[in-house]
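Scroll down for the structure; my scribbles are underneath it.
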Amino acid sequence: MKNKWLMFLMGLGMAVVVGFLSHFMFYTTGEDQTLQMHTWLGLTVAAILTLFIYTFLYKDNPLYKFAEHLLVGTSAGYYLVVYYHNSVKPNMIDQIVAGFQQIGQMRAEGTFNFVDGILTNAGIWAIVPGIIGFLILFRLSRKLGWLARYSFGFYIGTAMGMYIPVGFQASIVEQIRGTIVHSAAAEPTPVFNLVYFGEFFSHPTWGGFVQAISGPLIIVGIFCTLIYFFFSKEHTGVFGAFGKVGIWFLMVGFGASFGATVMARISLLIGRMDFLINDWFKGLILPLFGGG
Amino acid sequence: MYKILNAFLKINRRWIFLLVLLGVLIPLVLGKGLTRSYPGAEVVKVYDFLNNLEEGDIIILSMDYDPATIPELNPMARALLRQCFNKGIRVVSLTLHPAGPGVVITLVDELLREYSQPGVNPDGSVRPVREYGEDIVFLGYKVGTAVNILALGEDVRLSWPQDYAGVELPAYGSDPTQTTLPLMCDVQNYNDVKCVVTISGTRIPEYWVAYGYQRYHVKVATGCTAVMFADFYPYLQTGQMIGLIPGMKGAADYEELINRPARAMVGMLPQSIVHLMIVGFIILGNIAYFIVRRWEKRGGGDR
Amino acid sequence: MRREVPVLICAIMGVAMIIQFFIPHPVSQAIYKTVIKWFIIIVTFAMVLGLLSLTRMHLTKLRRGDKDWFFSLVTISSLFVNLLVGFFSFRITDSFIFEGLKVPFNFFTISFATGLAAGSPFMNLFDYIQVPMQATMFSLLAFFIASASFRTFRARTVEATLLLVAALIVMVGRVPVGHMISTSIPALSDWILVNPNMAAKRGIMIGVGLGGISMALKIILGIERSWLGGGGE
Amino acid sequence: MGLRAESRSWGIGIFLVLTLFFIPALASAKEPAPPESGEAKVEAPTPEGETVSPLGYPLNFTAVDNPNDDGMKIKLTWELSPGDQPELGKKENPVKGYRVSRLGPEEAEWQLVTVQPPGIAYFLDEGTEEFPLENDVLYDYKIEVVGEGEILSPPIVQKGIVSSQQFFNTDRINILVCVIAYLCILLFYIFRARKGHELFVRRIAGLDAVDEAIGRATEMGRPILFITGLHDVADISTIAAITILGKVARKTAEYETPLLVPNYDPMVMLVAQETVKQAYLEGGHPDAYSDDMVFFLTTSQFGFVAAVDGIMVREKPATNFYMGYYYAESLILAETGADTGAIQIAGTDSVTQLPFFITSCDYTIIGEELYAASAYLSKEPLQLGSLKAQDFAKVIIGVLMLTGIAATLFGWMWVVDLFIAR
């Protein structure tokens, strides 16, 4: 590459610019609570990047590409840093250091023994996740890459073991109970409640009818949906018809979810527009020209 | 006519984008909002529960959301915190979302500034002074959802030996005058709090139910994005959650309940406009679709 | 060694964690808590490899002089800066007056702050670059949900019609306008969300629970080995 | 050999472990409680016998070892004293609280444990740092009603309470039954399938379309995009997605179609690399594989979406697979994909995102079908056996639900209480 050096310089330049911005330009409000130049710049950068992303709605373009790559770059390392500061350092490194200090102290005092010094020493145990984690790094080696599988085995096995009882608890046992009774009230009431039918037949009203059939409808819906998920029987005849009803329930459910979600999505757009119009344009740009 | 309808059915989606943009932009530029909301039962349950607490009671407010869901969830958290501050309910706030701390700090800071001087709320009620450490504490983020919820059942200090700013939490039951975080002298585990309110756009409330409620029987109320609303309904029905605040509508309802219309109320006007716009699109699209299909069936076409 | 041992570790940990669930004994509880702490540490190591993968991909593009090479440069340098300020965080905060001009920083007083403290460069990058862009990406959904509903909500079949009608009712019922038209619209919308919707959800939940538990058991029993790279020997 | 014999030995081994572990656990759970423990009747002094105190007496004071825990907890319950009238409010109520004290075996003085406010008739003694509660030690408990100015009612004493740790949580016996029963069903059907029983599997449209979608990409000479979802590898839907990825990669290896697998989670990336590499090996083109096919982007939800959107509009994949667990980004991905004209196949157990995939993708694999996919695509008897087990479990769940519903009609609520999950 001819322009290798150019690239390197540009990279360095970009790094300096981003680093410089992170240090000075975004430094927050001063002691007197007035808006500082730094915050002004920070919000303006945010607003410009916001506009860059919206250009994607028209079509892919360099502005979007820039924003996209900047986002990927700044966010990719984010969790590494967060996990390091919040977990690896306090739960591993600090503990190991403390553990060895403890051993050193015990040896100096002559009270060192295997049980207290090693077996029940939290610092020594903290090495284990380090080893398991380190095995993953063997993936970089062509020959010893399989060592990483030990870590996967540990991770996946543990997760699966944790999932099984909790899965039964939340997805099966509690759901069966929820199908039998409404337990939100202090005293659980049956889903299939004959009392509602009694009320409806003695005083027939539209509301009473809906209340009476709601419970049985839930039960029918759950059964039909379960039948739809039957894999080992062909969906024909009566069985198929129930499965079909199951699909209908699924579709009504999906439609309802879709409809209920529209609001959430527009809220987000409102939030961004609010930022652009009120926080940025009216709050920061107009005052420059004597407006606002 | 056929051509027009067919073109309408295959309209470039950029035109729809433009209409949605205008539908949101115009009301916001004009700064108009709805004047009232009609609270749903599941929101009222949360409000009533908190409203029936006594002054000095403690709740855990777990703000498990990231900046992406701020527009929907912040008005909710703001309204809840205002209710707690006005009533004197003390709040232990924390976050189980890795991107949460920034969001929570900004919000708590904003409210503490609002409540830094005695004054009057817009609805005429007295606005008391609330202080960090006394009435609210932010513990920060710790990695691991389930493990932290479980740890809270034993002792909050297992996961959070310090608050967000790095101040050591005082021992449970120790002298409150000796620390800058007197609130934490009264908190050890779920036995000391009346309920957990989790606000999240993720599955984290399910963890609160599975580990907090299931293992320690602490009451859980949830504020969620509108999309998670339908997902959490089963929990509401099985009694695993005491109430639900769904999305911006829920936030507007809550603002109505605490008598303090704010950002959620303003947002509900563009909401209504775009909702009706989408409904209109769907209906027109279907009418056009049926007409076109009928013509095509008749063998007609270009005319 | 290469396949059997990982499967064995997987099985032992799986069975141990199932048994752990039923034992309230302190040792069992301590194991559970410790293992969960370890998870994050393990993931952090994996993350290093993830970042190497990302870096290598963009370095290749750079070396090849891909037509988008400039953007790869953007990614790499912002990643580099982010890690730098995250791990070796310091701030230069003191302002001083120089010839009557207020200079907002002083290179000679560098104070070290932890990477995650509010106002640190790392958090600034997060607050002013990541946050607004993530929120904006998320808000694109407002446009997409409108275009998707126009493009796909056509009453072609019974199923599609049910989907469409339910969506319309809930959409109108969730805004105050629905309440103004008729109070029964929000009521109907809530009823759909609570009843048929919940029946469907519960059906899916039970199915997903069973399927997930089967899968988990098969993994623990060593029948399902796709995580090792296929079921082969 | 290999898989079959091995899985059998595994099954037996795990059974042995389970039984060996649980027999002592159950035995310890059934161990009779120490004779003096809590249940012993206490002669409550009757108000008639003495000068009637306006405070009354807490009735039926009991102290028992708190069940299903790791010990060091004693549960105290009593009934509110007749003098306690919480409705009067703090000032009017003659009772100001209940003072609970504890006496250890080698202690000379009663130690104050707590003063519970009026209206509360429950306390869980977990000991304090100063006066810790130890396991397997006999304690005496004393309760007195506190009135205005430290006036106390005569004490009621409970003697000889022992706290112990349990080895089995009896509250969770229903879950244990589920786990064991389901394991039996699963093993039964797997063994039966191995013996060669023919197993029928119903059609799953989304999975039938996989071949067609890969074929189309091959014809067009465009890549295939496969996303494994936004959960980590500890989530089962992610593993299901990786299983499907394995099958897809096998095909792309044969047809030499380019494959792009951007990842959200680094751990998933590593496992997916392993799987794809193996698939290319089995597909006979190990040299065609490179780690660049399965790459990491970012663990930021929308950063990931932004980048994947970029890949879609620039590389224009002919087929997009979205498998695994998704959040809100589902529709951004699916709509951008639809705009580029790709065939899209989605499969998720994320109930909230299914509606969006259903509307904007060509095929959608719903919930449990995702987990059935590995069995459906491989057609291995071991895998198909587990499908049969799932169906059988569904029948049992149905029967349990019907039984429960019938029980509520007769008012037998204890049947419902069997399904309390703790």
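When the chains are written out, they are named A, B, C and D in that same order, and each has its own residue count from 1.
Basically, a residue touches a chain if its C-beta (ideal position, glycine included) is under 8 Å from a C-beta of that chain, and two chains touch if they have at least 3 such contacts.
As the structure is a computational prediction, the values presented were derived from the model and not from experiment.
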Per the touch definition, the chains contacting both chain C and chain D are A, B
Maximum number of contact pairs occurs between chains A-C
Note: chain D sits from chain A at a C-alpha centroid distance in Å of 18
Cα centre of chain B to Cα centre of chain C, whole Å, reads 19
When centres are defined as mean Cα positions, the distance from chain B to chain D in whole Å is 25
Two or more other chains are touched by the chain B residues 13, 17, 20, 24, 66, 68-71, 143-144, 214, 225-227, 229-231, 234, 237, 249, 271, 274-275, 278
Residue numbers in chain D touching two or more further chains are 172, 175, 179, 182, 233-234, 236, 239, 267, 270-271, 274, 296-303, 306, 314, 328, 351-352, 354-356, 358-359, 366-368, 372, 390, 394, 397, 421
Within chain C, the set of residues that touch 2 or more other chains is 11, 15, 18, 21-22, 37, 39-40, 42-43, 46-51, 54, 68, 116, 126-127, 130-135, 137-138, 140-145, 147, 149, 151, 153, 163-164, 167-168, 171, 174-175, 193-194, 197-198, 201-202, 204-208, 210, 212-213, 216-217, 219-220, 227-228
Seen from chain C, its contact residues with chain B in the complex are 32-33, 36-37, 39-40, 116, 118, 123, 126-127, 130-132, 134-135, 137-138, 142-143, 145-147, 149-151, 153-155, 164, 167-168, 171-172, 174-177, 179, 186, 190, 193-194, 197-198, 201-202, 205
Residue positions on chain B within touch of chain D in the complex are 13, 66, 68, 173, 191, 201-202, 214-215, 225, 227-228, 230-231
So, in the complex, the side of chain D touching chain C is made of residues 2-3, 6-7, 10-11, 14, 17-18, 21-22, 25, 68-71, 165-169, 172, 175-176, 179, 182-183, 186, 190, 232-234, 236-237, 239-240, 242-243, 246, 263, 265-267, 269-271, 274-275, 277-279, 282, 291-292, 295-303, 305-306, 314, 328, 331-332, 334-336, 338, 349, 351, 354-356, 358-360, 366-368, 370-372, 374, 378, 380, 382-383, 386, 389-390, 393-394, 397
The chain B residues in contact with chain A across the complex are 14, 17, 20, 24-25, 28-29, 68-72, 98, 141-144, 206, 209-210, 214, 225-227, 229-231, 234, 236-240, 246-249, 263, 267, 270-271, 274-275, 278
Per the touch rule above, chain D residues touching chain A in the complex are 172, 174-175, 178-179, 182, 199-202, 233-236, 239, 267, 270-271, 273-274, 296-300, 302-303, 306-307, 309-310, 313-314, 328, 351-352, 354-356, 358-359, 366-369, 372, 387-388, 390-391, 394, 397-398, 400-401, 404-405, 407-409, 413, 416, 419-421
